[in-house]
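All chains are identified by letter, namely A, B, C and D, in their written order; residue positions are counted from 1 within each chain.
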Amino acid sequence: MKRREIRSDIAWATPSQISIHGLDLCKEIVGKIDLGQMAFLQVFGRLPAENENRMFNAMMVILIEHGITPSSLATRMTYCGAPEAVQAAVAAGLLGLGSVFVGSLDNAARMLQEALPDQNASVDLDALAVKIVTDFRARREIIPGIGHPFHKPIDPRTPALFQVAEETGFRGPYTSLMEKIGAEATRQAGRPLPVNVTGAMAAVASQFGLPWRICRGLAVAGRAIGLVGHIIEEMRQPMAEELYYRIEHEATAHARPAE
Amino acid sequence: MKRREIRSDIAWATPSQISIHGLDLCKEIVGKIDLGQMAFLQVFGRLPAENENRMFNAMMVILIEHGITPSSLATRMTYCGAPEAVQAAVAAGLLGLGSVFVGSLDNAARMLQEALPDQNASVDLDALAVKIVTDFRARREIIPGIGHPFHKPIDPRTPALFQVAEETGFRGPYTSLMEKIGAEATRQAGRPLPVNVTGAMAAVASQFGLPWRICRGLAVAGRAIGLVGHIIEEMRQPMAEELYYRIEHEATAHARPAE
Amino acid sequence: MKRREIRSDIAWATPSQISIHGLDLCKEIVGKIDLGQMAFLQVFGRLPAENENRMFNAMMVILIEHGITPSSLATRMTYCGAPEAVQAAVAAGLLGLGSVFVGSLDNAARMLQEALPDQNASVDLDALAVKIVTDFRARREIIPGIGHPFHKPIDPRTPALFQVAEETGFRGPYTSLMEKIGAEATRQAGRPLPVNVTGAMAAVASQFGLPWRICRGLAVAGRAIGLVGHIIEEMRQPMAEELYYRIEHEATAHARPAE
Amino acid sequence: MKRREIRSDIAWATPSQISIHGLDLCKEIVGKIDLGQMAFLQVFGRLPAENENRMFNAMMVILIEHGITPSSLATRMTYCGAPEAVQAAVAAGLLGLGSVFVGSLDNAARMLQEALPDQNASVDLDALAVKIVTDFRARREIIPGIGHPFHKPIDPRTPALFQVAEETGFRGPYTSLMEKIGAEATRQAGRPLPVNVTGAMAAVASQFGLPWRICRGLAVAGRAIGLVGHIIEEMRQPMAEELYYRIEHEATAHARPAE
């Protein structure tokens, strides 16, 4: 009962050959291209130019490791119960990369891309920034990509990423618009709301032409690498069992009878 | 009710600074090191030398993309039901990277590392290979890392990876032992059982000093990148709904009354 | 560095006693209450009255098994790769219970609960239904809980569930409002859009006072039981490997060279 | 490129009818059978007799709620990052139900079923228990299903479950063998090692004829219900953010410079 053909253009294999996005795995990939280029190939279906490669890698390395977070704790808790299923521990840590932490990346990219669907269009970016900020504030919604509760007064990752954008030709309408949104929000709110790392990454991803719906995917893939680092540390220097013990003890102290 | 200190040495942050394995994220990582080096840093806690970097990247790029597999199908099925939760779609595809497909990597690395705990020990590798093969066959267990049901007569990824090992100084006792196991198994079984990609990777990972328990982690992290590629394709050119329709139709045809 | 106390009121244990929502597990739960009552206890923090019990069970049993779906296929695909990690196979099948399939349950409950925050308020339900339908149509949004692409002209589960609601005293403002929404949508669209199972369950859950944000949780818990059934069948009568083989073959046929 | 038929015998649907294991969902399930019977139906493919129903429910209710555990903490951590994806929070909590906590259930059932493949065989259970205990001790492996680090001197759930087994006719060779293993282990070890809840459940599951490979599935399905309870509490009375804050603070204090 076929209704449509099933088709994938990513990869194929014969007994003697494996092709990924048109490249021969054994002759053109292994030993020839590196992990960053391979990730670019998976996302864009082609190899990066040199400047694209440097920019893409700069973005990806920021996504790998965020220290002790709810995500790395979920991985460690899972590893503690199922050390034989490392894949499950990584997956558990990825599952919380949702609206609260990583979602702001999609939201910022969406804001930029919906406001400026064509980056080559001739648009007054100052006026656009005023409109975006005014609209978000009118709807009492948080503007994604600006301000940071901890990295104050500025998020140090933003200038680092924008510096690479400068050097690789990735400054453009989206990075400008993002900065103008930060400046206008600062003006309207009367307190510093500079572009944070999420806003900077969303702007660069938009310059790359990445649809906002896939931005979270990059964050998820990057974090998978970081979570493996947490598993390695948890193997050698575990914290999950101690945490569980302490938390259970404190959380039930009010109810538990002395025995 | 503390019993032990909780401690992580991976990363720390202050409002103005972020440190990962002792490197300053903004000054020493972003724009300076690439995704492959960053992954190495997460796994080994230090940056790679040039030859280590080339070898590590060669291993990682093989792990990214394996085409239409149960893993990428689980990702596509999950994306079809929860397109707003890209992290869940990636996680679903990782969860099946267990004993059947990726487990052979741990198993091969374990076989090598348990047989040869110290790669600098003076050991007769030929005799060791005979013992390993004989023991596996006596237990009627499959020897991991040799033979391939599809890539016959040889797995083309093995010579590609071993060539890089040759060029980077990563040939050593584990790659030799793995090859000797393949040769001995071929002799005992009376049919070709050359080293497959899993065996080759397990040998290289062992040369790197990676404990076998963490080998699966590398495969899982790599595959997360590949699964993002499948989500991107599923967004543009979906197959999950068509598959579900066809499979449901065929699977219940014998029971469903005509209506 | 405590800022707040950590507290859980669900359960506590001493060496000789385990308490769950104030009931002694060994004396008041095991052998005394059944799975449906236990699930009610977990959700509401108390045991159900008889009519509540019958209504709650009627709702839960609908959620268990939906046959071959993207969800059960993700479970089977995962089991095929990691048969030793049954927990991962169940989890993979749950992950796609998102906006497309199960999200309509939350959406319908949200629609009802936001329109009628207090079910005891004196409100003209007919006028409310007209407003809801008109607003959704003006925003060109799909109205959740009505119509069904397959179960036509009516979803047979709706009268079955509403019959139990009738018999147990669970007909009320939310079930009425849901039916009026279906009738009004039918009128405005000019084609039959009766209440589907999702709308019926959302209405009953709202009668129970369940916040819409947790409705998906019931569906997820129920489906976990169903997915175990699929794993049992996949153990005995596997389909995942055959599917993977077929799909890979068809999906890459256009690209793969003859060999 | 079909090689085999794809077939599922669990459920089918027509526009007007839904059948699950041969029962009409709308006429024979909704309002007629409860959640415990439905779970039994999924696992055994038929409805339970009255004694089976009581025994099965007694086993299932024990599996639902275990308080603050690594599993419920993984769920809460995930919910904190992705509150919109309740399915992901439940899944994250299930993923750690592996070898350390729930695996002992499969292991105990496996031990019993491999020692006594046919429960009707005429076997000297005392001698069998001695052999099992002696063999485990010779291999320096932990004997599953006996002793408990917290519930001492006895696990109070064991007599509760065995009492129901007594009342429902579920005492038999496996419950006897399990008790004899506990007694023999106590004798050989010279310290009390009575049957714990895991051993009791494994024995009852074996009396039901459940293959050991599926025992973990029951635990996973039960826990999914419990994890929904933790999500409900986390919504109202969150702990994840406070925990993350505290743990990050303590874990990095040794490395973080004062600022």
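Note that in this section contacts are C-beta pairs under 8 Å (C-beta built on N, C-alpha and C of every residue); 3 or more make two chains touch, one makes a residue touch a chain.
Here the structure is a predicted model, which is why all the values come from computation and not from measurement.
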Comparison of B-D and A-D (more C-beta pairs in contact): A-D
Same-site or different-site touching of subunit C by its copy subunit D, using the half cut: same
Chain centre separation in whole Å, for subunit D relative to subunit C (CA means): 23
Mean-CA-position distance for subunit D and subunit A (Å): 36
Centre-of-Cα separation between subunit D and subunit B, whole angstrom: 31
Numbers and ranges of subunit B residues touching at least 2 other chains: 6-9, 11-13, 15-17, 67-68, 82-85, 87-88, 91-92, 95-98, 102, 239, 243, 247, 250-252
Arrangement of touching chains [line / ring / star / complete / other]: complete
Sites on subunit A touched by subunit D in the complex: 67-71, 73-74, 77-85, 88-89, 91-92, 95-103, 239-241, 243-244, 247-248, 251-252
Residue ranges of subunit B touching subunit A (in the complex, touch as defined): 1-4, 6-13, 15-18, 20, 25-27, 29-31, 33-36, 38-39, 42-43, 53-54, 57-58, 60-62, 64-68, 83, 85-88, 90-92, 94-98, 102, 150-152, 156-157, 159-161, 163-164, 167, 211, 213-214, 216-218, 220-221, 224-233, 235, 237, 239, 242-243, 245-246, 249-250
Touch list for subunit B against partner subunit D, complex: 5-9, 11-17, 19, 82, 84-85, 87-88, 91, 95, 247, 250-252, 254-257, 259
